[in-house]
Amino acid sequence: MSGMWGNKIKYSIFGESHGEGIGMVIDGLEPGIELDLDFIEGEMARRAPGKDKLSTTRKEGDNFKILSGFFKGKTTGTPFCVFIENTNKKSGDYDKIKETIRPSHGDYTGKIRYNGFNDYRGGGHFSGRLTAPLVFAGAIAKQILKRQNIIIGSHIKSIKNIQDDYFNEDNLKESTIESLLAQDFPLIDINKKEIMEEEILKAREEKDSLGGVIECAILNVKPGVGEPFFNSVESTLSQLLFSIPAIKGVEFGLGFEITKLKGSEANDEFYVEEDTIKTYSNNNGGILGGITNGMPIVFRVAVKPTPSIGKPQRTVDISKMENTLLEIEGRHDPCIVKRAVPVIEAAAAMAILELIKEG
Amino acid sequence: MSGMWGNKIKYSIFGESHGEGIGMVIDGLEPGIELDLDFIEGEMARRAPGKDKLSTTRKEGDNFKILSGFFKGKTTGTPFCVFIENTNKKSGDYDKIKETIRPSHGDYTGKIRYNGFNDYRGGGHFSGRLTAPLVFAGAIAKQILKRQNIIIGSHIKSIKNIQDDYFNEDNLKESTIESLLAQDFPLIDINKKEIMEEEILKAREEKDSLGGVIECAILNVKPGVGEPFFNSVESTLSQLLFSIPAIKGVEFGLGFEITKLKGSEANDEFYVEEDTIKTYSNNNGGILGGITNGMPIVFRVAVKPTPSIGKPQRTVDISKMENTLLEIEGRHDPCIVKRAVPVIEAAAAMAILELIKEG
Amino acid sequence: MSGMWGNKIKYSIFGESHGEGIGMVIDGLEPGIELDLDFIEGEMARRAPGKDKLSTTRKEGDNFKILSGFFKGKTTGTPFCVFIENTNKKSGDYDKIKETIRPSHGDYTGKIRYNGFNDYRGGGHFSGRLTAPLVFAGAIAKQILKRQNIIIGSHIKSIKNIQDDYFNEDNLKESTIESLLAQDFPLIDINKKEIMEEEILKAREEKDSLGGVIECAILNVKPGVGEPFFNSVESTLSQLLFSIPAIKGVEFGLGFEITKLKGSEANDEFYVEEDTIKTYSNNNGGILGGITNGMPIVFRVAVKPTPSIGKPQRTVDISKMENTLLEIEGRHDPCIVKRAVPVIEAAAAMAILELIKEG
Amino acid sequence: MSGMWGNKIKYSIFGESHGEGIGMVIDGLEPGIELDLDFIEGEMARRAPGKDKLSTTRKEGDNFKILSGFFKGKTTGTPFCVFIENTNKKSGDYDKIKETIRPSHGDYTGKIRYNGFNDYRGGGHFSGRLTAPLVFAGAIAKQILKRQNIIIGSHIKSIKNIQDDYFNEDNLKESTIESLLAQDFPLIDINKKEIMEEEILKAREEKDSLGGVIECAILNVKPGVGEPFFNSVESTLSQLLFSIPAIKGVEFGLGFEITKLKGSEANDEFYVEEDTIKTYSNNNGGILGGITNGMPIVFRVAVKPTPSIGKPQRTVDISKMENTLLEIEGRHDPCIVKRAVPVIEAAAAMAILELIKEG
């Protein structure tokens, strides 16, 4: 139970945000994969903080070091370990949270779960920084999937109540995915960028934070991938997605909206086109009976507003078991939705790679 | 891979709707549990079809037979196997779907996944009938959880666009859960029953179907249950919930709505009451950092409209790879939301039992 | 933990010798395998008791019934369940062992492990009868391996101190394996049969029992199968082999004898023959670094003398915690080595199938 | 698949002997364990090379660095990662083995298994150096077991054909174990040390190598630990033991010798002493039906002669697929039995910890 996941390829995550570093063992990679380290760095950079005013100004060194399983530029097939040293740790900033638990963070639950022995500095093992190894693993998975022409892309569906367009049959194509991957703040309707960014900056000024929805699409997965029980495509994706801090909802296809339709409206009718079976609509998000049907896989995740806010909050000093007020200082993300995009895609890549039989 | 799930207790599901029968091996039950078979039968009856006009009039024999792991009225601790024979099979009804794939069912994806060798009769291994062993396993899990005072209850949050109330801090108490468990069509606001039922009967007359949302609450889980990664409470619950046919969305606490709030509105502030740490709000649905915080666990699932409808639908005859029309005959559920309630609770019970350390 | 095993194909064993029956779920079989049920019955018959004076005269009904995963004579790809009903149960015979624990059986350890709640009748879940589902699963595995030309055969290397020849480079060929599979009491040197059988009958008359060694060979496994750690060929085989009741030792190649050689004698030197790399000797039993080298896989298992003997034995009545004497009545095997042969082969087949990548 | 093992505590091994380093993630350690780092270093030193003429004179830096899961001197409960940097790598020494495969090593099988992409330097992932993380993990497991009074000790049962005494009911006590743990070359009959060492030095002079047998005992494990199938004590121990390079046989209790006894001689009769159930003999090595019976667990492993010898050997240059001769230069262990002792104990500790329910 715990920090290991996967069957065909197994992942073992480790590390704390203010300890020696964070990392991951990836076991089961086929030998001979020529890794594009620049691509991996690019993916890491998409997640990294400190790039502009929309994110925390904190700089983290996300320079990774491959400790094993990589020889002469290629995977060896034996366990692959990556390590990212923690270089910019200011433990002092965080010492007060040792006792004054931050609302909506894992401080309290982690303390109970680990009987008070977990590393509390900067959230420790619960820190969003732990998503860096996920992005690393996802960048490898993406490269493997790419060889089968499978591509993954996402956009910011909403920030607070400001909505981008949905993926639909018109925009859900490879060129859109490529365009999204090229955008720093990926949107289908790029006119929304300014309003969304303004809203985020306003929250920043108010020492507050915002959440949003990310919509992700996976193209070119063949039909027949997945299992009816326990490892349905939805099960596998959601298990990984709900491991990412701040995710509170996952829905596929029309998701919760499908419950408002009649069966005759919701059902995805089939037709044949060029010897391929397709559906007119894609309300099921490419998945039927837990198994892919060849249509794009589409899902959305709800990202809650960053729990770290500067406004005073009511909380408890658990050393004294007394109510108190907390004002979190320091540099925090007013909105992590943008930085969560590559993490969501990484989880999606890991999940799809697991489900596909022939890696 | 595949029909097995669980770590502490392992479940292995098997069977097809029109073969010999369906069943499950449950491995890892502690020895000496005195099973309340009447309670199990009651749970099975909640799921069973054929009770009224709101469901299919098809009668299924859900009489279970325990094949192993049960001796003198108690679990032995060795693998427990339950089997439910299929008694009411009319294969003829379903033979036409061998080639004419039903929209939004697993007919097509199953055929591809299993190279055409799977038992297609009545949906085979993809049939909703496979949820019967889940309910059986959940009924055992509920009994074990009850000993720790953990109780699970649900209500029909919506049918189409007709909404029941949400769980909230006023109604989220044991007496409400007990009341819901006693209702045939569980609602918080029982005045909605008539409108919902009318809507279902109307869909039935129109040879159409409806979906809805189920909201489920789990009370009295201690803080500290779950893991930060891969086996977070959300991960574990969602993996099981998305194994249930027709589920297209899962959200915890405020779920997707939390994305519209600011951090200062969304954060669950802490306070101390009688030496217990609580939160004023429960927007995170009892889970922080993947781990329970002692507040009620609350989640909702989206149940899509039953795919089997009598209305003519466009589809494909895959033996000829030609477009065709399908009119599904026979007795089908106009709305499976009600029957899905005990299945959702069963999955929740299995998931929570897995996560709790001391079984 | 427990009655489930496997990664690519998962096996879940269940049942007790005097309950409803015994069985197994086999999950992950590829779809479309045309099972040779006659072959399976033949394998079951090799293990079955009651055939001659060398075994128990007790007759067990080993008639199996396939409950799921099998349609129109072929595997469906969904979970496959087989069930073997218990037809010849005389619980009365065994009631006395409820308290008077049989030496070298699992009566005592099972009682402690399961807090006294396990089914003690006839050994319950610890009964040698539980090897029947293993043989069934092995018979399927053998059929799948056969398609890759992999064959498995064994002989009785010794009964007590009476030795058959070892496998060696002369006799280790397909024709020998076929000859062994055709023998009721498989030996390389068939002249030993009479002495061995006499020894067994003598033990029978003395109300005593004998053990022996089984040597097994697996031919035509390609080089490159296995893992350096945790799933080495030796690890995987031994884990399964030591699940079989009465096995107390497992050795590969020269096994313990290799420790008496010098490196220069023990090392298997390489040479090239017809573009294939071979070794002059096969002291490592076809496995180097945990991975197959293309030479025959050879291993031996130690089968302890049947614990059930008619002679009076000192033991304890654990209800009273008093020393007592036990005389086991009834029909027991004076030597289970012969009946263990197909069980060993079944475990070997399951292990090799697990290790081979392309099933 | 693969380098991960365990259920309650999960271990993930990684590294190559001449890459950046080697290490292990240990996931599932309970929080708050105060690790005795001196003890761990002592265990590492027992395995380390370069101490005397009996071993290789090669010096390896086995200085470990804990990367995560350890805070203020105690385990945190989150994944624990240890890393051992490779400091003394002379790749040049090993470059010739890239093509000229060393007999009885994993060079050939590894090359096939990983399509030639594995790191071949010094055996790479197949190197005996990978046992260092096992010893580290075992040292932690030993500390946890010690709290339940479980102790593990071993002696060199034989070098070539020179035999030490067996464990028996007289010497199998805590003081013997302590004495063995204190010996550099652990023997029950210390008079054998000189002859054994002479034999090893003679082999060294002859550019040859020797093997031997290690006998290990585990004291004070309560009855009732283990499972009847798949996770029997023997299954779990043997799976780990056969992951250790050079192990070719594992036997419990009397092992292969038990096959030469009659049931009446082999059976371990029970008696009561001070309200405890014991057996007069311990021919089953403390395990019945796969489960501990409270008697000492005793097993032996066969360690093959070190494959690296200086004598010329026939082998193949696989780049040319031509027969050739190989003379391995450099510093090699004439006998690794002594250095294998702590590795065997480590595997035993990991296995027993896995099997015990309450960690």
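Note that the chains take the letters A, B, C and D in the order they are written out, and that residue 1 is the start of every chain.
By definition in this document, contacts are C-beta pairs under 8 Å (C-beta built on N, C-alpha and C of every residue); 3 or more make two chains touch, one makes a residue touch a chain.
Bear in mind the structure is a predicted one, so any value in this text is a computation, not a measurement.
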Farthest chain (mean CA position) relative to subunit B: D
Selected pair, out of A-D, C-D or B-C, that shares over half of its residue contact pairs with A-B: C-D
Distance between chain centroids, defined by C-alpha means - subunit B, subunit C (Å): 40
CA centroid of subunit B to CA centroid of subunit D, Å: 47
Junction residues of subunit B, two or more chains touched: 1-4, 7-8, 13, 78, 113, 125, 228
Interface residues, subunit D side, partner subunit B - complex: 7, 78, 228
Subunit B to subunit C touching residues, read off their complex: 1-4, 8, 10, 12-16, 19-23, 25, 27-28, 31-32, 65-69, 71, 74-81, 83, 113-119, 124-125
Subunit C partner contacts - residues on subunit D that touch it in the complex: 1-5, 7-8, 13, 101, 103-110, 112-113, 125-126, 130, 158, 160-161, 203, 206, 208-213, 223-232, 234-236, 238-240, 242-243, 245, 247-256, 258-272, 275, 277, 279-280, 283-285, 287-293, 300, 302-309, 311, 313-316, 318, 321-323
